[in-house]
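Okay, so here's the structure we're looking at.
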Amino acid sequence: MSLILLIEQVLNGLQFGIMLFLMAAGLTLIFGVMGLINLAHGSLYMIGAFCAAAVAAASGSFILGLIAALAGAALAGALVELVVIRRLYDKDHLDQVLATFALILIFSEGTRWIFGSFPLFLNVPEFLSGPVTLPGGIEYPLYRLTLIVIGLLVALGLYLLISKTRLGVQIRAGENDREMIGALGVDIAMLYTIVFALGAALAGLSGALVGAIQSVQVGMGEPVLILAFVVIVIGGIGSIKGALIGAILVGLTDTLGGIFLPEALKLFFDPSTATSIGSSLASMAIYILMAAVLILRPAGLFGARA
Amino acid sequence: MIRETYVNALTLLLLVAIPLWAVFMDEPFTITLMTRAAIFAIAAIGLNIALGIGGLVSLGHAVFFGIGGYAMGILAHHAQTYTPLAEWPFLIDGTKSMPLIWLVAIACSALAALVIGALSLRTTGVYFIMITLAFGQMFFFFAISWAEYGGEDGLSIYIRNGFPGLNTLAPIQFYGLCFVLLCLVLLFAWKLSKSPFGLALNAARQAPMRVETVGLDPKRVKLVAFVISGVITGLAGALFADLNRFVSPTMFSWQTSGEIMIFIILGGVGRLFGPVVGALAFVALEHWLGGLSDYWHIYLGLLLLVIVLFGRGGLIGMVSGREAVHD
Amino acid sequence: MTDPVLKTQGISKSFGALRASRDISIDLFPGEIHAVIGPNGAGKSTLIGQICGTLKPDTGSVQLLGRDVTHETARARARVGLGRTFQISSLAMEDTVLQNALLGALGASGRPWRFWKDALNDKDLRATAEEALLRVGLEGQARMRTAELSHGQRRQLEVAVALTLRPKALVMDEPMAGMGAEGSKRLTGFLDVLRQEAPILLVEHDMDAVFALADRISVLVYGEVIATGTVDEIRSDAAVQEAYLGEDA
Amino acid sequence: MKLVTMAAVAALTIGLSGAKAEPVKVGMITTLSGGGAGLGIDVRDGFMLAVKQSGNEDLEVVIEDDQRKPDIAVQLADKMIQSEKVDVLTGIIWSNLAMAVVPAATAQGKFYLSPNAGPSVLAGKGCHPNYFNVAWQNDNLHEAAGAYANFAGHKNSFILAPNYPAGKDALTGYKRFYEGDLAGEIYTKLGQTDYAAEIAQIRASGADSVFFFLPGGMGISFLKQYEDSGVDLPVVGPAFSFDQGILQAVGDAALGVINTSQWNKDIDNPTNKAFVDAFQAEYGRLPSLYASQGFDTANLLLSAMAKADVKDADAFREALKAADFSSTRGSFTFGPNHHPIQDIYVREVVKEGDVFTNKIIGTALTSHADAYWSECNM
């Protein structure tokens, strides 16, 4: 395997990880501040993608589509928070799992009811399509490079938001001591709605960005949701830094595992057996990674020690 | 408010009366639905021991359900193709006998639960939920790519396995078998909840430190509970595979884990009959709502939401109020 | 002179830069109540943790009945005969009072792996549990849900659970906290008798109780024992006056 | 037990002989909710269109949603057989669901007409006199793709499919006909949505063409990403990634891509023309190959009903086997294992106005049967 191919695959893993980060950041934020397990986060991802596809189709503008995804998902998030989620904060994890599972059912079938059963069209905008040549002669799709940049910008933005703004102070306070922020005179209900909507908007943005190179369809959120959970658990729940590192780890493991495991096994087995076993192992790789991390560090890489 | 005991008695009565009525009315599909509910109930009773009494929120119980299913599928597959299961170190043949299949299902589930439990119990809370989910996904993807036993297509067993003295192909006889097992499992769960072990497990959920200071190991207590729980769910998996005469990786999916959990929450967490009532209600809902509209998932979702948000203690809690003090 | 039942030898424990225990040596002899007092943040909880086995000292050793238990778990120490009550109640709140006491009896019996027999109908377990409840005066509340008990009653139950283990030594973390005057008085009387059965290491804020009960007092300040002695010695100790009592006044 | 059933069936047959044109009850188990519902809806709509056109009041259809879950499908089959007492089952989209339902249903003496799935077992060792496949054996379209690759002069193909049985069948089918070398062979994760790594491997492999089998959303993702990657090797695939429902979501990325299918809307015969027009008039959208398969299945059934009584299993089976109906595909006959012998076409994705669709550009295989019929003993 040539070095160029290796670099390209690492870039692919990185890009996949960064996309996971957008999903995971919202999820981990919501868990950190409100202590809520939100299975319906994948639905917000789907809503973002559908909003983007609908608006982009109607207006012809991808950018407008992205804005619609952010706004639509944030709105849906705020609405769900006001109607359902806020009744779940003092319930145990079990109730949260069930209630947000119910939300998945409602969102998925509701979307199918509105948009029909067929996938929608959403494509990479003209000015970002096609490959560019990187130093070293690597041809890499411009859009994927853009995704990496956007993801890193969002990570930077989140860092600044949390460390430098008033909202960030409140979020950090909320993670440490819930009674405390009430005593500080912060409107907790409002804070929670804002954080939830922010998480939703990130999920929606990620859905729209990914939707352009994948398939915008009902149920697209669940596989990503599981991966996002893997990411935040590896990183340590509540930690944005953990989410970023966890996401990149998962992205790299998944991408490189799929390539190298079958190759590595060819040293021991005949090619078709190696391909078959390697592919099976590759699909289990990230879960094995997650189990291993938790066995060694039961609260994730950057989680608060219990 | 109706006393929980009466609710339980009524549930048992329904479990007997509905299938008998179905035989009388020649409605065999109703019996099939009841069998499905009874098997789901067994699986959920298993989870309820870990979850309801031990507080172990496992989102990976599909592993045991699937292992039970595949134990049945693999043994019966070898029996129906007349190929040995293993030739080394000694010859093992497949079988079509339910009791044998159950034994294998139980042994395999126990082993899996021991390993998964020992590793997962290093974590707590959300991490525990997620690590059990991860194990579930591992088994799921493994089963999908396990070409020898059908991969994603799964395995079809053309004729239901046999039980001495019964014609298991007759729906009511197979139901009877599942019902008896359900009663046995219920009895065991009931005795367990009041036993010294149940006492320790119950305390390990509420106050692990306290259990430690009286000289018991709360983790070991929870691990044993997890194994018992996995075994019961595994048995249910073997029955479920026999009901359908079919196994597939779907049995390992996280949605299956979620559904087993839903039965418990729907019926009432930690209550003896919670899983039974929940499974009955879920199967009934699935059947009736499915006939109403293509978009019936929306109604199911709304209903679940209402129960979580407004019905503390599940369906049983809604009818009979807070759990009575044990005495 | 008899050997101490419980003894720490120069234990130290740091959390990062914070030195929560510095070279603490404390002992407990048969028949005595040894009180540990000190202002908030003096390191009392850390000390208890190390004695009971939930925290491991960085240096030093802990001996129980002449046996080095420094590296043993809380569970193992309980089996050797160390009873403990918690400052923040750690009972199974959803269970009945009797069930909590039964748990202690079960731990004492060392036979939790029984899945069929009804624990409530087990004669031995029940006798042990009921006797302990009777001794702390909770026999009338046996069927109540623990969550329904008053604060003071929960403390009594804590003691009862510890008693079911027939401990050789007791570590009590503020048993009087939150009790009314009546309850305090009653518990004081009870502990006064109990010391003959098992000596008590008593960490307590209630000075009346401490002065009424303690044979010896150790004063802990900033993780260090600044004085140990009889009630009178401590009352007149200049360092204690300054570091503790003076501040308190 | 088997004996008892057979005796019962025999008794029933004797008791009813003499009665004419018994009504036929059909149980349709198909996927109508969740992901993949589009395929089931198309099969149902095609089937019901034919039923409606026939005006035959002796045909009663019961439709149920299997949610794409095998266990639900099995239970629905039980329900249809036990409670609804249907004579014929049909509708299943997915191979794994078919494997769960078909053997049990045919063992109980019911007829099963497959409008979509064609797992190799049911064509070979597991074939059954009461099982008729009206679509294709799973390998067929892949075999045609292999044949086309030879024709197009591809010498070094890169092939990929998901890591599950149908994926393995697909690559086996392609290799069965393809004569060139393989630049690479990859099994991807089932449900995978990002193919950047695979596309990078394709780019680096020195292949001259790509064959892929990625049904549903997986294919949409792959094509979009492939287009965007700048790799411009010719791509060949089976029709499953290029049906009418999916194409609109792929958009320009699919333009010009070659795919193989046993049906297209421009096959030139009157039945097909009438079908395409009627489907559009009835449902307001272009039919897909799934819709055509549903339509053909219903017409096959109607043709058998006209000839024989469903209670007379042997006669009805012969009537089905004759396949005496006018197929949207033109010539259509059953092989000895009750699987189709039919032409398989090469299509190209084109844009007609605003709508992406397919155009036939040639025939890959003529009167093609599957590779398993010789293993079938019935």
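By letter and in written order, the chains are A, B, C and D; residue numbering begins at 1 in each of them.
As a convention for this text, a contact is a pair of C-beta atoms (placed from the backbone, for glycine too) under 8 Å apart; a residue touches a chain by one contact, two chains touch by 3 or more.
For clarity, every value in this text was computed on a predicted model and none was experimentally measured.
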item: Chain whose Cα centroid lies at the greatest distance from that of chain C; value: D
item: Intercentroid distance (Cα basis), chain D paired with chain B, Å; value: 35
item: Length of the line joining the C-alpha centres of chain C and chain D, rounded to whole Å; value: 75
item: Length of the line joining the C-alpha centres of chain B and chain C, rounded to whole Å; value: 43
item: Numbers and ranges of chain B residues touching at least 2 other chains; value: 141, 144-145, 147, 295-297
item: Shared-contact residues (touching 2 or more other chains) in chain D; value: 33-34, 37, 163, 187, 189-190
item: Contacts with two or more other chains, residues of chain A listed in rising order; value: 108-109, 112, 276, 279-280, 283
item: Full enumeration of touching chain pairs; value: A-B, A-D, B-C, B-D
item: Interfacial residue positions of chain A with respect to chain D in the complex; value: 1-2, 4-5, 8-9, 12-13, 15-16, 108-109, 112, 116-121, 123-124, 129-131, 139, 141, 143-144, 210, 212-220, 223, 255-256, 258-259, 262, 275-276, 279-280, 282-283
item: Chain B residues touching chain C - in the complex, by the definition given at the top; value: 188, 191-192, 194-200, 202-203, 206-207, 209-217, 221, 224, 228, 325-327
item: Chain B to chain D touching residues, read off their complex; value: 27-30, 32-33, 36, 141, 144-145, 147, 150-154, 156, 158-159, 167, 169, 171, 240, 244-246, 248, 250-251, 290, 294-297
item: Complex interface listing, chain B residues touching chain A; value: 51, 57, 59, 119-120, 122-127, 129-131, 133-135, 137-138, 141-142, 144-147, 254, 258, 261-262, 265, 269, 295-298, 300-305, 308-309
item: Chain D - residues contacting chain A, complex; value: 33-35, 37-38, 41, 163, 185-191, 193-194, 196-198, 200-201, 203-204, 216-218, 220-221, 224-225, 228-230, 245-246, 248-253
